[in-house]
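Just below sit the structures, each encoded as structure tokens.
Here come two complexes built around chain A, the first alongside chain B, the second alongside chain C.
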Partner chain A sequence: MKRVRRSQVEIEGKLRERTEVVEEDPSPPWDDRARLRVAGRPHPRLDGRAKASGAAIYTQDVGLPGMLHARILRSPHACARVLSVDASAALALDGVRAVLTQENAAAIPWYGGTTRLLERTVRYAGDEVAVVAAEDEETAEDALHLIRVRYARRRPVLDPGTAPRGGKPSVYTRGNARKAVSGAPVVVAGSYRTPAALHQAFETHGSVARWEGEHLTVWDSTQHIFGVRKELAAALGLPLHRVRVISTFMGGGFGAKNECGKYTVFAALLARRTGRPVRCLLTRAEESLAAGCRHATVQTLRLGARRDGRLLGIEHRSLCDVGAYGTDGPMPVGGPARTLYRCAAVRTEEVPVRTNTGPHTAFRAPGYVEGTFALERAMDRVAEACGLDPLEVRLRNYSPGDPRGFRYTRKGLRECYRIGAARIGWRRRARLGRRGTSLRGLGLASQVWPAGGAPPSHAVVKVNPDATAEVLIGTQDIGTGTRTVLAQIAAEELSLRARDVTVLLGDTGAGPYSLLSAGSLTTASAGPAVRAAARDARQQLEELATGLARGKGGRPGPREVCREIGDAMVIGRGARGPNPEGLKACSFGAHFAEVEVDAETGEVRIVRYVAVHEVGRVVNPLTASSQVEGGVLMGIGFALLERRIEDPATGRGIAVDLLDYKLPTALDLPPIEVLFVPGADPRATTIGAKGLGEPPIIAAPAAIANAVAHAVGADLPELPLTPDRVLEAIARGRRAP
Partner chain B sequence: MPEARTPKKPRRARGTKSAVHLLLRVNGEDREVTTAPHRTLLETLREDLGLTGTKHGCELGECGTCTVLVDGQPILSCLALSADYEGREITTVEGMADGAQLHPLQETFADLGAAQCGYCTPGFLLTAKALLEEKPSPSREEIREALAGNLCRCTGYLKIYEAVEQAAARMREEGPRGGR
Partner chain C sequence: MRAFEYLSPKTLEAASAAVRTAPEGARIIAGGQDLLGELKERIATPGRVVSLKAVPGLRGIREESGSLRIGALATVQEVAESPLVREKAPALAEAATSVGTPQIRALGTVGGNLCQRPRCWYYRLADFPCLKKGGGTCFAVEGDSRYHAILGGGPCHIVHPSDLAVALVALDASVEVVGAKGRRTIPIADLYALPAVDASRETTLAPDEIVAEVSVPAGARSAFRKFREKLSLDFAVVAAAVALGPKGPRVALGGVAPVPWRSREAEAALGAKPVTAESAAAAATAALAPAKPLKNNRYKVPLACAVLRRTILAAAGVADPGPPAPPATPAPTKKAGEDF
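== the complex of A and B ==
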């Protein structure tokens, strides 16, 4: 039975009120006493062989008979008016089939209606100006050079410090923070900056579009097939049932593929115009310029504490450079300040500012990575000011519930601290010091992230005559292992092996709606839906067994029932139930880093790393540990290497390839230990699991910065911690009394 | 429904520009291609031969995603001109398995979770294959060095090392089999 209620959901760290249609799920939660055979045990990816043999087909690999190739012409100027676009020479080139420009493309509203698909004003270097479809990629590329565009350039705004507001600030208060901080005996104040960072998923953004009469099929590298369907249908004025979006395999997203891209609409428009399938893929340079970023922040933070380290007030303000168009407002940079510690007086403010740079998007724990860096850096300074150990200060401010006035389903952060401190040997911290030019430091950071998932998510389970099963669900596997985890859950409920279950996902034409794969939502949303559907199927099988038993004597087992009923197969359906009222489900973690800093070169080497997480039940320890390893390495990249750079005068992207935009390599991986706090969280979801996609990146930059600060004896106000900044901090550390 | 790229018939590449006819040896088979003279080996494999297992990540020689083997040595196919590789033995990920029997590296990559999104996996597999052919018992350090030119944004590399180590152990035990 479906019913309607008002409820609060927290997705990607943003709390929203919404009307929810909920369907109760009667499944009794799998708690710690549940004896599970498949869920909760390591299982190799069910699609591992498809990936390792080269057979897995990604959007980039989709080739259709007669397919054309589209390439996009982008503005070289960060701010300009497009006076005219002359595509005649391009159209005359042999092999060119169509060119879209502002003159002939439909005026489709884009970026929340702030601009259109192709507009007369370009607002960042990389903004779309025209699109060519040609017989092959090279011809399309050649044609771009033949398009004559006249621009009237304007001076771009590039410095977030002086940029205009880009929308309403988002303000949160409890108590009187200003008064509490000003009156506190210990006050720590600081300004912290984080750079714009790029997702750099290995498969670039792209789509292939094909029309069959009135029906449009799109292959898209996306984190949200149903979201793309909705946006695409709206852009083209089509009813939903005529649009099908497929993403069978996709090569990484990290938040940049949550929405429908312009390239998808271009492919669909050009395919309609030419009567041929059209593929539109971004190059790596376009990926770096125009496919989203983690927005840069300038944060100012004041903490007031008692002399025993207990917090009295937190004031946090962040300028968030949302770029030229960022439509989702600023990311929740104040989230950690609002929820990580017990503190009665807190004020946070996220102020969006608009510059002529590429639009921002979500990027793995948006806001929280940046906010945790500033807050945890400042907490170490409170510890120092009070003469306390950093871990002790965190324990003294431990908040068992969400300090905004909610209870948690479970909070295992204290165990994370305990386990991690023991593994890394935290007690050695005081003894670490300088040996020749080598400075050693040990740092830790804490992490909170809303990760309980949410409705709606629906699933269908078909049980075959041979007692194998198929799960149909409109979610997608973005590389995290969703296929495998959902198969394990269905197998558990149906008493099968995971490899007796096939999960069909990534196709709006095949599975019912499920949420986007972002916000650490997927396992905690799609998982319970699949369990409910499998449970429905099992109950039907049990009823049939009773019926069949009457005629026969013995009661047949499920396998016999399946055989007996044959093609009159059992079909189960289920939906993700509502979240518990008044309770918040979050994932927690604590990271510990030991670093060695070279006092002469400023180079940072991570000697050891321990990551401990509490995410309720770990459904698949194998895929979970690779989530953590990859998340930590991505955090190391953000801490030490990565930043998007523009020419400060023109706003043109400088580091638009992988040589200049530094990603961590195999050589940057430190010895890392991944640990989980045991036990389920049955109040969060019926499978006892919470989300894990984002937590591993959140604490990493903060833990590393704290370790480096400990080594050099000075604060580190800006990421990444490049050698020049570290050397400068060492010099400051020496001057300090 | 044709989801995989259908290999295109050799056609005159692009209007006015001349096409070249090449005889390439790919995964133990002779393949004739008619293609544009400036096509990279990566594009020839993917677009002309329909071998989409080889992926592109940057097309500038910076990520290793497009790695294939030429006479057993890893090269970046995005930087290689197809015309220069006539008569050489080219191996792509599709050529690693022996019929239905996967190469030990492919097995351990699948079993140990070394492929997350899997996009970088073919490149790693071929780099690792070349390494193990040269050094059947590489140390962790040698694996790190050998793989340092291949980037991965998902895994954190640890499971990739483990998969290479385990494949090496299996190959030593079982003797050479599979692959070409």
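== the complex of A and C ==
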């Protein structure tokens, strides 16, 4: 039965009020006493072989008969008015089938209505100006060079410090933070900067669109098939049932693929115009210019504390460069300051500013990665000012509940600290020092992230006559192992092996609605839905067993029931139940890094890395570990290497390939030790699990920066920690008393 | 990429002629690791591409009368793995090992590595009509110069990208080239010229001249060190090669200048005496004394100093006692983080 209620959900670190349709889930939660055979145990990815062998079909692999290739012409100017677009020479080129420009493309509103699909004003170098569809990619590319565009250039705004507001600031207060900080015996103040960073998913953004009469099918590399369906249908003025979105295999998104992209609409429009399927994929350079970024921040932070290290007040203000459009407001950079520590007086303010640079999007723990870096750097400075160990300061400010006044379903951060400190040998910290030109440092950082999942998510489980099963669910596996984890959950309920279950996901035409795969939502949202559906199927099988029970033969087992009922198959249905009222479900973690800094070159080498997380039940320790390793890798990149770079004069992106945009390689990684706090969180979800998508990146840059600061004896106010900055910090450290 | 005619002649002379006679310009292709990128970005738009693959005899690495002779088509990986190179010209083997990634080393050739074009982002992006592309501006001067030249720059401020060239300059190698006027052999240092001579190119080769072979005097003690931000898939921020041969020390720096930079200042500071920790430090300081950093690359000065000091010690087999006084550090620049 469905009912309606008002509730608060926290998605991607943003607290929102919403009306929620609630469908109770009667499944008794799997707590620590639940005896599970499949869920909670390591299981190799069910699709691992298909992926490793190239059999898995990603959007990039979709090739349809007669398919055309689209390429996008982008503005080279960061701010300009398009005076005219002359595509006649491009259209005359052999093999070119259509060109979309502002003159002939529908005026579809984009970026929350602030612009249109193709507009006369271009607001960043990379903004879309025209699109060509041709028989092959090379011809489409050639055609781009034949389009004549006249621009009236304007001076771009590039400096966030002087940029205009890009929306309303988001302010949070409890107590009087200014007074509390100003009156505190110990005050630590600082300004911290983080760069715009790129997602660089290995599969670039892209879609293939095909019309069959009035029906449109789109293959899309997306984190939200139903979201793309909704936005695409709205853009094209189609009813939902005529749009189908497929994303069977997906090569990473990290938040940049939460929404419908312009390329999807281009593909659909060009396919309609030409009567041919159209593929529109971004190149690596376009991916670097126009596919979103983690927005740059300039954070100012003041912490007031007692001499014993206890926090009295936190003031945090962040300037967030949301870029040319960036419609999702500023990201919750103040989230960690609001929720990580017990502190009665807190004020956070996130101020969006608008520059003529590529628009930002969500990016794995948006805001929290940046905010944790600043807060945890400052916490180490509080420790130093009070003559305390950094871990001790964190324990003295430990908040058992959400300091905004909620209780948690469970908080295992204290255990994370304990396990991680023991593993890395935290007690050695005071003894680490200099050997020749090598400076050693140990650092830690803490992490909180709302990760309890949410409704709505629906699932259907079909049980076959041979006692195998299929799960139908409209979620997507964005590379995290969702397929395997959901199969494990269904198999657990149905007393099957995981490989007896096929999970059909990533197709709006096949599975019922499930949430977007972002914000650490998927396992905690889709997982309980699948469990409920499997449980429903099992209960039906049990009832049938009673009906089929023969006097002497006794009651048949599930296998026999399946065989006996044959094609009159059992179909289970389930929905994700509501979140517990008045409780917050968060995932927690603590990361520990040991670094070696070369005092002469500024080189930072991470020699040991320990990541400890509390996420309730770990449904699959193998996929969970790889999730943590991937998150730490990404955090290392953000800490040491990565940043989007624009030419300061023109605003054009200049680090637009994987040589200049520096992602860490295998050789740059330390061994990453991954540990989980044991035990389920049955109050969070019926499977006892919480989300793990974002947690592993959150603490990494902060832990590394703290380790480097410890090694060099100076603060590190800006990421990434490139040699120039580290050398400069070493010089400051040497000058310090 | 612009459509082009593809030729694969059987001799270097024919290849050179094919370049010379091309009506709409031609480029040599060896492993294609660098050229393909330029073609795809439309930085290069030749009407003809001339492959060296079918020319016999360009691949081997052999020793002949006290020199290693390395064919232009020998791959970077073959150089890295060659026992001969490792033993007789270790700096070159170390330089080759540090190049790119295994895939790039497997396809990239020695000739292509020496003649590769710079990685300057302004050069590599078609939207910037820079000096090197025939335009009027070096965008690095007002733009982002964090990886640009600190020595020998102007009017163009690229750094030369080849690691092999740095090692070869220190090892006093020479290059045999084939062109319209036949064969000639030139010292490797003369293969390169500063942008002050001609900003549009890095080498002194005529467009139809082809590198056929590199000859490296065998047996000098030598070392190569490279500082990069990542341990794979990264060009040198700073590199250094040092050889201690019978004619005295030879010192070369990479990643700091538009050419592989020979430092006569460092060589003079080392002199003919055995290397000591003090002389290595003094030589490194001398090498960087003439540095003129741009807006964003001041940090490269102490970095190059450190890398060179260590390379000298490594070549000489002297243990590193660490830098003498506090190592040179960039003058503190006010950063946003110090506002409070």
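Just so it is clear, the second predicted complex is superposed on the first by the 733 of 737 C-alpha atoms of A that agree within 3 Å, B and C clash if a C-alpha of one lies under 4 Å from a C-alpha of the other, contacts with A are read in each partner's own complex, and residues count from 1 in each chain.
Everything below uses one rule, namely that a residue touches a chain if its C-beta (ideal position, glycine included) is under 8 Å from a C-beta of that chain, and two chains touch if they have at least 3 such contacts.
Keep in mind it's a predicted model, so treat the numbers as computed, not measured.
S.K.: Once the shared chain is lined up, is A:53 touching chain B (first), chain C (second), both, or neither of them?
M.R.: First partner only, chain B.
S.K.: Go through the superposed model and pick first if A:478 touches only chain B, second if only chain C, both, or neither.
M.R.: It touches chain B, and chain C stays clear.
S.K.: Taking the superposition on A as described, I'd like to know which of chain B and chain C A:734 touches: first, second, both or neither.
M.R.: The answer is second: A:734 touches chain C but not chain B.
S.K.: Please work out whether A:138 is in contact with chain B alone, chain C alone, both, or neither, and reply first, second, both or neither.
M.R.: Both partners, chain B and chain C.
S.K.: Contact-wise, after the overlay, does A:666 reach chain B, chain C, both or neither (first, second, both, neither)?
M.R.: both
S.K.: Check the residue A:91 against both partner chains and state whether it touches chain B (first), chain C (second), both, or neither.
M.R.: Neither: A:91 stays clear of chain B and chain C.
S.K.: Quick one: is A:344 in contact with chain B, with chain C, with both, or with neither? Answer first, second, both or neither.
M.R.: After superposition on chain A, A:344 lies in contact with neither partner.
S.K.: Per the contact definition in the header, classify A:36: touching chain B only (first), chain C only (second), both, or neither.
M.R.: So A:36 meets neither chain B nor chain C here.
S.K.: Looking at A:63, would you say it contacts chain B, chain C, both, or neither? Reply first, second, both or neither.
M.R.: In the superposition, A:63 contacts chain B only.
S.K.: Pick out the shared contact residues on chain A: the ones touching chain B in one complex and chain C in the other.
M.R.: Residues 138, 658-659, 665-667, which sit in both footprints.
S.K.: How about chain C: which of its residues touch chain A in the complex?
M.R.: Touch residues, chain C against chain A: 1, 42, 119, 121-122, 125, 127-128, 139, 142-144, 146, 227, 229-235, 237, 298-299, 302-303, 306-307, 320-323, 326-327, 329-330, 332-333, 335-340.
S.K.: Touching residues of chain A toward chain B in the complex: what are they?
M.R.: 44-45, 47-58, 60-65, 94-95, 135-139, 199-203, 219, 248-252, 254, 283-284, 478-481, 622-623, 625-626, 628-634, 657-659, 663, 665-667, 669, 672
S.K.: So in the complex, which bits of chain B are touching chain A?
M.R.: Those residues of chain B that touch chain A are 2-6, 8, 13-16, 36, 38-39, 43, 46-47, 50-60, 62-63, 65, 92-94, 96-97, 102, 105-107, 109-113, 115-122, 125, 144-145, 147-161.
S.K.: In their complex, what parts of chain A are in touch with chain C?
M.R.: Going by the criterion above, the answer is residues 76, 125, 138, 141, 145, 189-193, 298, 300, 436-437, 598-603, 640-641, 645, 647-649, 652, 654-656, 658-660, 662, 664-668, 715-718, 722-725, 727-728, 730-732, 734.
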